[in-house]
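Paired with chain B in one complex and with chain C in the other, chain A is shared by the two complexes that follow.
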Partner chain A sequence: MQSIHVEHISKRFGDTQAVRDVSFDVVPGEIFGLLGPNGSGKTTTIRIILDILKPDSGSVSILGGAMSEAKKNQIGYLPEERGLYQDILLDKCLEYLATLKGMSPQQIKQKLPAYLDEFDLSSHRKKKVKELSKGMQQKAQLIATLIHNPQVIIIDEPFSALDPVNTQLVKDILKQQRSAGKTIIMCTHQMNQVEQLCDKIVLVDKGEVLLYGGLQQIYESFATDDVRINTSMELPPSIPGVRKIERLNTMIKLEPQPGVKPQEILNTLVSQGIQLNAFEIAVPSLDEIFIKVVKKGEPGDEQDL
Partner chain B sequence: MSKTFEVAKYEYTHHVARPRFWIALLSVPVGMVLVMLFAIAISLSSVSKLPVGYVDEAGLIAIPPSFAEKPSLFEPVIPLRPYASEQEARAAAESGSIQAYFVIPEGYESTFQVRYYYNEPLTGTIRNQIQRFLSENLLAGIQVPNQARLEAGSLYTLVSLDGTRSTAENEISKIILPLVVGLLFVIVVLSSGGYLLQAVVEEKENRTMEIMVTSVSPNELMAGKIIGNLSVGLTQILVWALMAVVFVLVMGDRIPFLRQLQISWPNMLLSLLLLLPSFVFTSALMAILGATVTDSQEAAQVTGLITFPILIPYYFFSVLMMHPNGAFSRALSYFPMSAPVAMTMRMAFTQVPAWELLMVIALLVLFSVLTIWLAGKAFRLGMLQYSRRVRLSQLFRKGGAL
Partner chain C sequence: MNKTWSVFKHEFLKTVSRRSFILTLILVPLVPAVILWILGNLSDSQSQSLQQVFTGGQPQSALPYGAVDHSGLLTEAPDWVTGGSIVLVPSSEEARLQVQQGKLKGYYEVAEDYLESGRVTLYREDVNPVTGFEQTGVMENLIAYNLLGRNQDLYLRYTNPVSFVLEEVNPAIAETRDTEDPLAFFIPYGVTLFFYMIVFITSSMLLNTVGKDKDNRVMEMLLSSVKPTSLFVGKLTGLGLASLLQLAIWFGAALALLRFSGRTFSLPMDLNFSPALYIYGILFFIVGFVYYGSLMAGIGAMAPNLREGSQSTFMVALPLILTLVSINSLIQMPHGSLATILSLLPPTAPVAMMTRLTIGGVPGWQIGLALGLLALIDVFLIKGVANLFRSQHLLTGSKFSFKLFLRELVRR
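Now for the complex of A and B:
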């Protein structure tokens, strides 16, 4: 049973079609990547899901129906435009935001110290928010997103201001939330994070869905017979069965001729006495898939996987 | 607990817990007390406090000088000291132990002539004291009906020939209170409205709009903000009122103006009926401004657009006082932004027809509803336009951009 069901939503601002016929489902216990270049319609889609904006057409169902005031307490949202009350103490700010999510003072008193400890902000709780670094403010905002134990978590670029240590911390927390059965939508440009975290993605560009499906399926559908090798020897100018040789940073990419399998190329290389330090099937990275799809993406080229 | 209450509580404590709120709050009464102390110091330092002697050659004085009322803070009580002969009184004056002396000569009962010899000139206060002292002795043992009224003179009712203006002189003190209360309300309305404007702009500046609207409904948010900031204004009024009451209880009978003060409760109630919708109307206008501008600096620049029309009647105070039923005064009291102050003034200066009052109150309620609706729309339009201004035309466009 999906927690979020987006069905053919469209939204236009003046002459700009921000979102066109976008549909997808997100289920509990899943981290869902909402990907797309800048200005592709990701934030508009999120705002429609959260009922901040009304779609021109289509519908959204969240936690089994239309958005309501009661459901707002079940949603944790980290918007792209980070915002906290700058001129008040950190703990007061978080307490206020938590009360607006329906938490009682007792519940806040119980949970806030643990979250501040987990995010290493305990020693800063009596500082004004404006005195905190950008990274600290982002962690504080993540606490505000999670403290009320929401069923649906929507986070926009959660790693943007974080150092590697805090990035790992947030990744671990997101994995915990997924294990706890939460529904998570994550917007990001950092494809390596998507590769490590997401179970399913939708790629939108110019307001349209270009790619939608499970990450594994997407990899498989974009997989080729290209291989990557590393050798300290000089390669001959041409290798039988290889259409193109491309030098990467430390690796060499070999594109086989149609019908030639990676195993045959390995045999050829060995038979030619080339000493190999590494040999691997060149699975395309999500970055490559993203660029390929977006560059190719003309209206109507949607690939639903 | 309702989220409206939580928002209101946050808005209230956000202002009231700050030292600068209390500094601003207390600076007004403290400033007034300082001005008053300065005035007392000036008036006391400019007059002599030495006694005035008297010589009773007429054998008139049977009752020694006494002072029923507490002395005014602004005028010192000058003791009146009897002397057996003019020579003695003169010697005392020349030695500087008294500032002056007066002689009640024989035949005073028929001539009413008093001779006053002085080092320091005769002041109005001393003249009044001598007057009361002599009258008391002249009328000793005689029962005169309405003696106090007779001494105070006639009461005048001033009516202009065209009948548009009428004032009873003894009602002047009734006029002052509504004017002061009106002014206090204006201060509170503008300061509360200012806080509200700031609160809405801060949501934009802090980029918290999206967090807020995914936690509470825009209506709950705006209601909470209005209640919270109105409570801040009411706290101001309550503290000031409390201080005023304490001041009147402690010092009331020592300040001549406060002795005459009368409260016209019907006028006060009507002022309240006018000022309540006016508060909502002004708050909603402030909220519209807050939602349409981009930052607090810009908000401060445009606040004048709202405050100036509200204060206009004070600039035309004399016109409203001289011609409270004239066309200009009426126009000011019908225009929603200037209506609360202008109508309160007219009510102080003349008898405003009931239909006019009802019409203006109805007009203010109507405009309040309209501006609240516009404020809601401006809020929804403005909340996501962090760095862009909302144009006025967008507010009136059907459906808006959202």
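Now for the complex of A and C:
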């Protein structure tokens, strides 16, 4: 059963249609990628899910029904722009935000030191938030998102301002949360992180859904018979069955003629005595799919996979 | 309710533990206390030295001025009129000589054609802008006394020509004050000013805190955890209590200062307000604070940043400023049409009604109506501003417009 069910939501601000008829489901134990270019309606969609904004039409069901005060305690939210009190001490700030998630002072006292240790912030707990670096503030924000053990985690650009070590730390935590059966929605522009973490994605642009489905299905649907090879030998100007030869950085991309399969190209290359260092099916990257879909993305081109 | 309490507690503790709050809390009563203590403990000679600072560095001369009359009008200069500060001198030469001998500070010459021209010339050795004209009033009195035929009764009536007596048509709303007493003006004036300041200062704190939450981007975090109404009510009550605490300390310090400063001041007996006035004061502060605090918080929510929010408060504060401008009319005619209307209209009621209550004689139904209307508007405003917290404006930086603000406030 899905934890979040978004059904045909629309939202307009003045002359701008921020979200138009967006629908998707997120189930427990998955990391769901909410993707889209800047200004595509991702943040508005999140704010509607969180009941910060009311949709003009459509509905959102979260943890089995409409949002309530009790359900807010079951949600961890990390906004894109850091939202922490700058003029108060770090521990006081986190304590207050945890209190608003329904935690008792005893629970906070028990859990906060462990989180501060995990994120290497213990020695900074008595500093004012504004005295912390951007990366530290991002980690503090993550603590505020996770400390109350939420069932639903909604994170907007979680890797922003983090170095590679901390990026890995956050990725590990997200994987742990997924294994624990939590529902996770992640917004990010870092497609490599989506490829590594997400099970399912929805791609929105200009407030509309352009692409929605499991990551593996999406790869398969955008897969071609193109191959990439690496060879130290000079290729002949034309290869039977190959329509186009394109030199990439270290690889060479071969685009087969219609109906020609990669196996046949491999056989041809071997029969011509070309020594191959690498031969692979050219699966498109999520970056390429993203650009392709968004550039193509006229209204009505939605692909539900 | 728990979350409202959490927000309330956080806002209250955050405010009262702020360094600027503590400093203001201490310094506002401390500075005047120190000044009054110093003034109260100065010896007479020190007081005189202090006075010299304001009178040009010279000790005030006890020498009189001379008065040379060429018009034949001045024949008497009794001490009860001049206080010994002006003496008649027969000629200009004699007066000049006495000035040179240090017997006179200077002298007046009343022109021969005084009755036609009114010309009187003052001769003196030094020119002091502060004390230079100190004696001219006495000279005017002396001439008036002689013009009135040196008749003491006529002269005294001339100096105090009218004693107004105000009779209330309706004895039920008759004033309890003695209008002759200067305190009858200054006490309501002080209360009005005090109320204006507290309502405005405390409600401005709401603008500040909402604006800061927006600037810190923490508002989105708060709204993902708390209902807008709980968030707003928590902020309103937390800051309201912090303001009340501040005011209680200031008010207590002011009373203590007036009562115990001994040699400097003593509190007039008339300043003993009735307990009912304190209760009304607290009630009107609460409804007034909620009214203006809500509007200020609403502006804070709508304005793109704190600076623009602060610039937009003028329209909200306008009714309070108008009440302050009308203060003379309110005090002179506390039960007139203007005073009654201002004390019933919600935007002006918190201050105008307190002015009238200080004077006394306000019918109970008017107090109840003013409180009821304000409370009703307050409920509407709390809901409206809580709705504003849901508005996209809270999370974006769109330009503030008062028209849009009012439209969003009434939007369901």
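What we mean here is this: the second predicted complex is superposed on the first by the 305 of 305 C-alpha atoms of A that agree within 3 Å, B and C clash if a C-alpha of one lies under 4 Å from a C-alpha of the other, contacts with A are read in each partner's own complex, and residues count from 1 in each chain.
Here is the rule we go by: contacts are C-beta pairs under 8 Å (C-beta built on N, C-alpha and C of every residue); 3 or more make two chains touch, one makes a residue touch a chain.
Predicted model, so just to flag it, every value in this text is computed and none were measured.
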After the match on chain A, would you call chain B and chain C a fit or a clash?
-> clash
Using the superposition on chain A described above, determine whether A:Ala144 touches chain B (first), chain C (second), both, or neither.
-> both
Touching partner for A:Tyr96 - first (chain B), second (chain C), both, neither = both
Which partner does A:Ser221 reach: the first (chain B), the second (chain C), both, or neither?
-> neither
Between chain B (first) and chain C (second), which does A:Leu84 come into contact with in this model arrangement: first, second, both, or neither?
-> both
With the two structures laid over each other on chain A, which partner does A:Ser59 touch: chain B (first), chain C (second), both, or neither?
-> neither
Go through the superposed model and pick first if A:Gln272 touches only chain B, second if only chain C, both, or neither.
-> neither
Select, from 42-50, 78-86 or 114-122, the region of chain B that bumps into chain C once both structures are placed on the shared chain.
-> 42-50
Chain A residues where the chain B and chain C footprints coincide 13, 47, 50, 52-54, 69, 72, 75, 77, 79, 81-86, 88, 96-97, 99-102, 144
Chain A partner contacts - residues on chain C that touch it in the complex | 2-3, 6-7, 10, 14, 216-227, 230, 390, 392, 395
Along chain B, where are the residues that touch chain A in the complex?
-> 1, 3, 6-7, 10, 14, 202, 205-217, 220, 384, 386, 401-402
Contact residues on chain A for chain C in the complex?
-> 13, 47, 50, 52-54, 69, 72-73, 75, 77, 79, 81-86, 88, 96-97, 99-102, 144
So in the complex, which bits of chain A are touching chain B?
-> 13-14, 47, 50, 52-54, 69, 72, 75, 77, 79, 81-88, 96-97, 99-102, 144
